[in-house]
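Two complexes follow with subunit A in common, the first pairing it with subunit B and the second with subunit C.
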Partner chain A sequence: MTRLTIDGVEVEVAPGTTVLQAARAAGRDIPTLCFDERLAPFGACRVCLVGVQDAPGPIASCTTACREGMVVDTQAPAARRVAGAVVELVLSELAAPPAEHTELAAVARQFGVGEPRWPGAVHPEREDLRHPYLAFQHGLCISCGRCVRACDEIQGAFALTATGRGFTANVAAGIDAGFRESACVSCGACADTCPTDAIAEVSLLALAESATI
Partner chain B sequence: MMSANLVELTRRRGAASTPTAVELLASAVAERGALTDEDIRAVAARTGLPEAAVHGVATFYDDLRAPRGARHVRVCTGTACFAATAGTHVEALAEGLGVAPGERTADGGLSLAETVCLGFCHSSPAIRDGETIDAGPGVLQRVLAGAATSAPEPPARSILPVPVLTEPGDWSGFRRAVTLRSSGDLLAEVREADLRGRGGAGFPAGRKWEFAATVPAERRYVVANGDEGDPGSYIDKHLMERSPALLLEGMALAGYAIGASEGFVLVRSEYPASRPALEAAAREARAAGLLGTDILGSGFDFDVTVVESAGSYVVGEETALLACLEGLRGTVSARPPFPAEHGLFGMPTVVNNVETLCSVPYIAQHGAGAYRALSPGESAGSKLVCFNERFARPGVVEVPFGIRVRELCDEVAGGLADGGGLKAVQIGGPLGGILPAGLLDTPFDFAPLAAEGCMVGHGSIIGFDEATDMRELARHLLRFGADESCGKCFPCRIGLERAHAMVAADAPVDRERLEALLETLELGSLCAHGGGMPAPIRSLIAHFPQELGLA
Partner chain C sequence: MAERFDRTTTTTCGYCGVGCRLEARAREGRVVSIAPALDGPANRGHTCLKGRFAHQFSRSRERLTTPLIREDGQLRSASWEEATARIVEELTRIRRERGPDAIAGLASSRATNEDCWAMQRLMRAAIGTNNIDNCSRVCHSPTSYALRRSLGYSGATGSFDDIEHADAAIIIGANPTEGHPVAGARIKQAALHGLRLVTIDPRRIELADYGVLHLAPRPGTNAAVLLGLAHVLEREGLVARDFVEARTTGFDAVRELIAAYSPQAVQEITGIPAADLEAAAMIYGQAGEASILWGLGVTEHKFGSEVAQLLCNLALMTGKVGRPGSALLPLRGQNNVQGSSDMGALPDTYSGYRPVADETVARAFEQAWGVPLSRTPGMKIPQMFDAAVAGDLKAMFIFGEDVAQTDPNTTHVVRALEALDFLVCQDIFETETTAYADVILPASSFLEKTGTFTNAERRIQLVGAAIEPPGEARTDFDILTALSRALGHDMGLEAPADAMREIAALTPEFAGVTYERLGRRGLQWPVAPDGTDAPILYGERFEQPDGRAHFAALPYKEPGDAADDEFPLVLITGRRLEHYNAGTMTRRTANLELLPAEWLELHPDDAARLWVADGDLVSVRSRVGRIEVHARITDRIEPGHVFTAFHFPEVRTNLLVGASADVNTSCPEYKVVAVDVRPVQEAPSATPALASAG
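The block that comes next holds the complex of A and B.
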C-alpha cells in the first residue's frame, strides 16, 4: 500500500492509484473535464491540477500516480488559479455558454468563472443531423477526446477521430461524412460521455431544449 | 488524439509497418496534389488502422493539409527568415506568384505553402520551389522568374583543438566497443561521460539508457530524433546529411548498450536530402558488415530504418515522435510512462537527439574522461551551434561549453554582416528566452543561461539587428506557437491563440492579462511547447517593455 496525505488527511491506497482517484475516494472534490472513470486517463484538460509539496509546479492529478509520502493540496492557490483560467479559456472558445445541465457548465459554476478575460475567435457552428439519433454540433466541441476514447475503449468501434490541430482541433466520425458513413454502431457511448452536448442523443437534446424554453 | 486502445491496436501490428500511414498519405499528396476519401480508405486498408484514425492523421500534418499544384512552392516562415526580412518575403512571394499561402490556383498549376524552417537559416530567406531549395539574396527574383537554383549548404567547422562532431564518422568507436567491451561497460562509460541530451531538455543520456536497458522486455528500440523543428536550427540537418555514418554509429552503440537490435530515425520532411543520405550510409554500412546480423562476429544484430514525418513542430516532442513513427497523429501523451519504459510499440525505447547520438562514437573511442575534457566549462563535451544569416560568418560551429555568448557572436560568427549592433539573440529555439545585447557576457552553458530565462536548447543562435521590431517578434513567435500546438491540452490549444491575438491586435497589450495567460501556459500545459512558449515573451516583457506596447 502507498501512504500519502491529501489536504492534511492521511490516506492509504493500492499502488498505481492516481492522485485523482485517491482524492475522490477520500471525499475531496477535484473538478475534471477530460476525465471519465471508464476511460484511460488522458491529461488534456488540465482542470484537475493540484499542488504537491516540493513539486516545481501544479501536477495533473488524473495522470499522476500516488507516491509514498506525497503531500497533496487540492486547494493550492497556483493550481486553482491555473485550472480556473483554463475553464475560462474553454468558455471563451464557444460561441454561446454551454447548456446549464452539461458537465462543462457545472465545472464553470464550481470555479465561479465569469466574463472571460481573453475573448477572441470562437469555433464556427457546424451541425450534423444526418444520424437518426446522434446529433453533432461541432461548434460545441472542446476537444476533450472523451467521445473518441469511449468509442475506442468502451465500444471498440474506432468510428471517431480527433481532427486538425491547435485551436482548430475538433472531432469527426469516420472520414467526416457523418456517423452513418462511419464504423459507428449507434451505441451512444460518445453522447453519453460528452461534457458539452456537442454530441448528444437527439431525443435528449429535444428534451433539454424544451426544458430551457 | 490517441486512445489507449488505438495505441494498442497499432502496437499489435508491430514494427513491420513501414511505410507508415503518414508516409503513405504523403506520397499520395505528392502524386495527386490532394487526398481523396479513396486515399484514406486505401491507407486504412493497407495499414490496418481505422478509417477515422487515418482521416485524423490526414488533418494533422502540414504536408497532408495543403493542396498542391503541379508546381508547389514552399516559403519559409521560420525565425531566421523573419530576422532577415521581418516577414516581407512571404507577402512579396504570394503577390508575385498570384496565389495566397495555403492555396492552389484554379487550374491546379501552382500552389504556395508556408513551411517553418527549411534549414537554410545561414542564407535567409529560403524558398523551396519543387525539389529545389533556393535561399539568400535574389531568391525572390529567381523563384518568380522560375529560375530557382540550389542554395549552397552552410560551412561547418570546429573551434576545438581536435574536431569531434564536424568530422564524418568512421565507425572506429563502434568497432572497438563491439569487439572489445561488454554492453555494460559501454553503458557505464556513457554515464560517466556526463553526456546530456542535445535535443533541448538536457537529460543525462546514460541514465536514460540504463533505464531502458533494465526494464524487462522482449524487444527494445533506439530512436534518433531527427525532427529538428526549431526554426533557425540546421545542426541535425548537417549531421544527417554530411555525417550520416556518425549518426548510424551512435545508434548502433546505443543499441549495443541497451540490447536493442532495431533503430529508427525520424526525419522531418522539410529536409528532403536527409533521408537519402542516411539510407545511402546505411547501405554502405550493411555492405561493410557494420549493420545487419552478427556484426563483426560479435553476435550483435542491429539495423536502422528511416521514416519521414510530414510537417509538424511538436512531432519533435518524444511521445509525439513515437506516435508519428507509428503512423498516427503527432499529439503528445502524458508521461509517465516514459518512452524508456513504454515507448515504440509499447517497448522500452531510447529516444535521443541526433547530436546526442553523434557524440557517442567519440566517447566509445576515447573514453569518458577525454569527452568531459572537451569543455573547460561546467558541462561535459562539445556542442554544435549554428548562426543565422544576419551574422558575418553564419554556419555550423562546434564549440566548448562555457564560452561567452559575446565571443560566439562577435568572434566566432564575426558580428553582424552589416557591421551594426546586435539588439538581442534567441538561443536554442522558439522555447528559449531572448538575451538582450546587454547580457551577452553570459556564458554559453545550461545553468548561466537558465539564470537569464534562456537555454542552451538545441543550440541555434538567432541574432536580431537594431531594426527588429520586438512586438512583431512576439507576434511572429506566438503565431508559430499557436499554429504548431498539437491541440491536445487546453491551455496551449486555446491559450496560444489568445496570446497571439493580444499581441497582434492594434492596441496596447494589457500586461496583467498577458502575464496571467503566460502563467496558465507555463504551469498548465502538458508538454514543453505550451510550457515553453512564454519564455521568449517573458524576456521581451522584461527587456523591451516599451516596444511591446504594454499597458
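The block that comes next holds the complex of A and C.
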C-alpha cells in the first residue's frame, strides 16, 4: 500500500492508484473535463490540476500515480488558477455558453468562470443530423478526445477520429461522411461521454431547447 | 436550471440476456432518453443501440390500449370486465368439457420473473394443468438440459467478468457483437488486450477478425468439432488428470469415444483443416484460464443438447471450470429467458427445475397454494401445436410471444392457432399471432412495470417502472393475478414484491432473495438464506447427488436436414444488430431507419452460379415453405451456405424451417435448413445475358 496526504488527511491506497482516484475516494472533489472513469486516463485538458509539495508546478491528477509520502493540495491556488484559466480558454472558443446540463457548464460553475475575458475567434457552427439518434454539433467540440476514446476503448468500433490541428481540431465519424457511412454501430457511447453536446442524442436536442424557454 | 427530465428510473434492459442496467429518463410520461448505469455489473456504463435508443416503441400509436374481443370474426374494443368474463366463461367451459389439459399457456421470456411466476401459477393452480412453457423452448432449452445433466444447475458457471480474467476463450455458435452487443464489446476489448480468442461459426463473424483463429464448420457438425478438440487435448496430454479423477465421472467412456475423432477424420466431417483444429485445441488446452461462450448456433440443432454436453466435456477434461476466467457462459437470448425457466414456466418442472412428479415438491406447492396440483408433465410448445391440430388442445393463453412469426414450421403453427376453440393473447402490439386471437389483453412493456429479470450470468436484477402503461393497458402482473382471481384462485399477491417473497419461500436457489438485497447490483443465484450469492459455481462440488460432474460420451450424428440435388444450399438463420427477435419493438423505432429490411447473405461463388447480383430479389424455397428476400453478396459466409434473420414479418423466414428439433428438448433446428435459391425474375433483356455478369 502507498501512503500519502491529501488536503491534510492521510490516506492509504493500492499501488498504481492515481491521485485523482485517491482524492475522490477520500471524498475530495477535483473537477475534470477529459476524464471518464470508463476510459484510460488521458491528461489532455489540465482541468484536474492539483498542487504537490516540492513539485515544480501543478500536476494533472488523472495521470499521476500516487507515491509514498506525497503531499497533495487539491485547492492549491496555482493549480486552481491555471485550471480555471484553461476552462475559460475553452469557453472562449465557443460561439455560445454550453447548455446548462453539460459537464462543461458544470465545471465552469465549479471554477466560477462566467463570460470569458478573451474575445476572439469562435468555432463555426456545423451540424450533422443524418443519423436518427446521434447528432454532431461540431461547433461545440473542445477536442477532449472522450468520444474517440469511448468508441475505441468501450465499444471497439473505431468509428471516430480526431481531425484537424490547433484551433480547427475537431472530431469526425469515418472520413467525415457522417455516422452512417462510418464503422459506427450506433451504441451512443460517444454522446454519453461528450461533455459539451458536440455529439448529442437527437431526442435531447429539442428537449434542451424547450427546457430553457 | 430547467430540468430536462421529470423522473429517472434505474432499471434493467428488456432486450437481450446481457442484462444492462439502465437509467431511463422520462418527461411528461414518455421515456425521452436512456443512459447506461455506471455501476451495472454486466454493462459497466455501456449499452447498445437497442437498450439506449430503441424505446420509442413504448409510446407507439400502435400500442394496444384497450382489451379487444372477437365478435362475428371482427375484433372490437371491450372493457376489462367484458374481456375477463369472456375468458373465464370460455376457459371454464373447455375445462368442464375437455379437462384442464385441453388448455395450455405460454409465459414470456421478455416478462419479469414475477410475471412468469404468476403465469405458471395461473396455469397450474387456477386451470389445473402443467401445460405451461416459455420461449426458451426454442432457444436455450438444450443448454439448460445439458448443464443440468453435466454439472447440476441450469445456468452459466460464471459471469461476464470471466471474459476479462481469461487467457483464452472459445466462442461457438454465437455472434455477440450483433446478438449481445455489450458482451460482444467486452469480448472485443479483451481480445484487443491479449485474450486469445477462437471463433467457431459457419459465418465469419465480426469477432473472428479480432481472434487468433476462426474455424468454419459445416452447419450441423459441431459435435464432430468438439470431439476432435477433445481428441487433440487427450493426445497432447492436456487433460487435467487430477481434476478428472477427483471431481468427475465418466471420462473413460469419453476417452474411448474420442479416439476415432482424429483431426483428419474431423476434417472430413466438418471441413475444418486438421491443423486449425489442432491449433484451436492447443490454444484452449494450454491457456491458464479459458472460457467457452456459446449461443443458438450450438443449441438450435437436432442434437443441440448433446453438443452442449460436449462443451461441458471440454471444460471438465481440462479442469477449466469454477475459477475466475474459466467458465461456461451460454449467451442467453432474451432478457429473461433464464428467469422464465427458473420460475418453472416449464411443463415438467416447478421453480428451480424440480420435477412436477416429485411428490415432496408438489406437496409443498399444494400447501402454499391450497389447491391440488397435477403430477403429470404438460406439453412442450411444439407438442401444443401438434395437439391443437389433432383437436386435443382447445384453448391457449399466449403471453408476450409471437409464435406465428418466431416458431418454426409457420404453416403448421398457423394451422394450430386456427384449430383452437379459444385463443387469448396478452401483448403490447397486435402481432402475427394475435390475428388468430379471440381476446387480446393490452399489457406493459419493460419500461412500465416493476419486478426482476435474470440475465445470462444468473444475476437477478430489479426492473423499475419509468412510465405508466398507455391507455387502459395494465401490467402483466396485474392482468394475470386478476384473471386468476376471476377463475376462482386468488393468489393473494398484491404486488410483484409479494410474488418474490413467495418465490423465495418455495425455491431453494432463491431463498435469500429480497428486493432490498438485490439493490443496484443484483444477486447471482443460488442465493443462500443469508443473502450470499454465487458469481462462480462449482468451486468445490458439482450440484449432483454424488457431487461430481458427469462426462457424456456422445458421438457425432448427422443433422436433421442436408443439402441435396433439389435443395443444394444450407440456410442458417440468426440475428442482426439493429433488431431484436420478431422486431415488434425495434421495428417501431428509428432502428428501422438504420436497418429497414432483411436480406439473404450469399457467397460470391454461389451468386455467380445462380446469376444473382447484389440486391436482386431471390426466391428461397425449402421442403416446407418459400419466401422472397433481397440478396446481399458477401464472403463472410462460406460457399454452399446462405444466411438470413427473422426480424421482419415481410420476410417470414420461419416458413422455411421444418419440424426437425432437438432430440431431448424439442428445440427447433433453425440452423440447418436445405434450400433452393434462385432469382425471382431475371432481367428482361434484348440481348443474351452473360453468366459472368452475375
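We take it that the second predicted complex is superposed on the first by the 213 of 213 C-alpha atoms of A that agree within 3 Å, B and C clash if a C-alpha of one lies under 4 Å from a C-alpha of the other, contacts with A are read in each partner's own complex, and residues count from 1 in each chain.
Assume contacts are C-beta pairs under 8 Å (C-beta built on N, C-alpha and C of every residue); 3 or more make two chains touch, one makes a residue touch a chain.
None of the values given here were measured: they were computed from a predicted structure.
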Have a look at subunit B and subunit C on subunit A after the superposition and call it: clash or fit. fit
Would you sort A:133 into first (subunit B), second (subunit C), both or neither based on which partner it touches? second
Per residue count on subunit A, the busier partner among subunit B and subunit C is B
Is A:162 in contact with subunit B, with subunit C, with both, or with neither (first, second, both, neither)? first
According to the stated criteria, A:153 is in contact with first (subunit B), second (subunit C), both, or neither; which is it? both
Determine, under the contact definition given at the top, whether A:185 touches first (subunit B), second (subunit C), both, or neither. second
Per the contact definition in the header, classify A:172: touching subunit B only (first), subunit C only (second), both, or neither. first
What is the contact status of A:55 with respect to subunit B (first) and subunit C (second): first, second, both, or neither? neither
Closest Cα approach between subunit B and subunit C after superposing, in Å? 7
Once the two structures are fitted together, what part of subunit A is touched by subunit B and by subunit C alike? 153, 156
Could you list, by residue number, the parts of subunit A that touch subunit C in their complex? 37-38, 100-101, 132-133, 153-156, 180, 185-189, 192, 201, 203-204, 207-208, 211-212
Would you pull the subunit A residues touching subunit B in the complex into a rising list? 33, 39-47, 49, 57-58, 60, 63, 65, 78, 81-83, 85-86, 89-90, 92-93, 117-118, 120-121, 142-143, 145, 148-149, 152-153, 156, 158-169, 172-177, 182-183
Spell out the part of subunit B that touches subunit A in their complex, as residue ranges. 1, 3-6, 9, 37, 40-41, 50-53, 55-56, 59-60, 312, 329, 331, 333-334, 336, 482-491, 493-498, 501-502, 513, 516-517, 519-520, 522-526
Listed in rising order, the residues of subunit C that touch subunit A in the complex are 1-4, 27, 32-33, 35-36, 38, 44-49, 52-53, 177, 181, 185, 188-189, 192, 210, 577-578, 590, 593-594
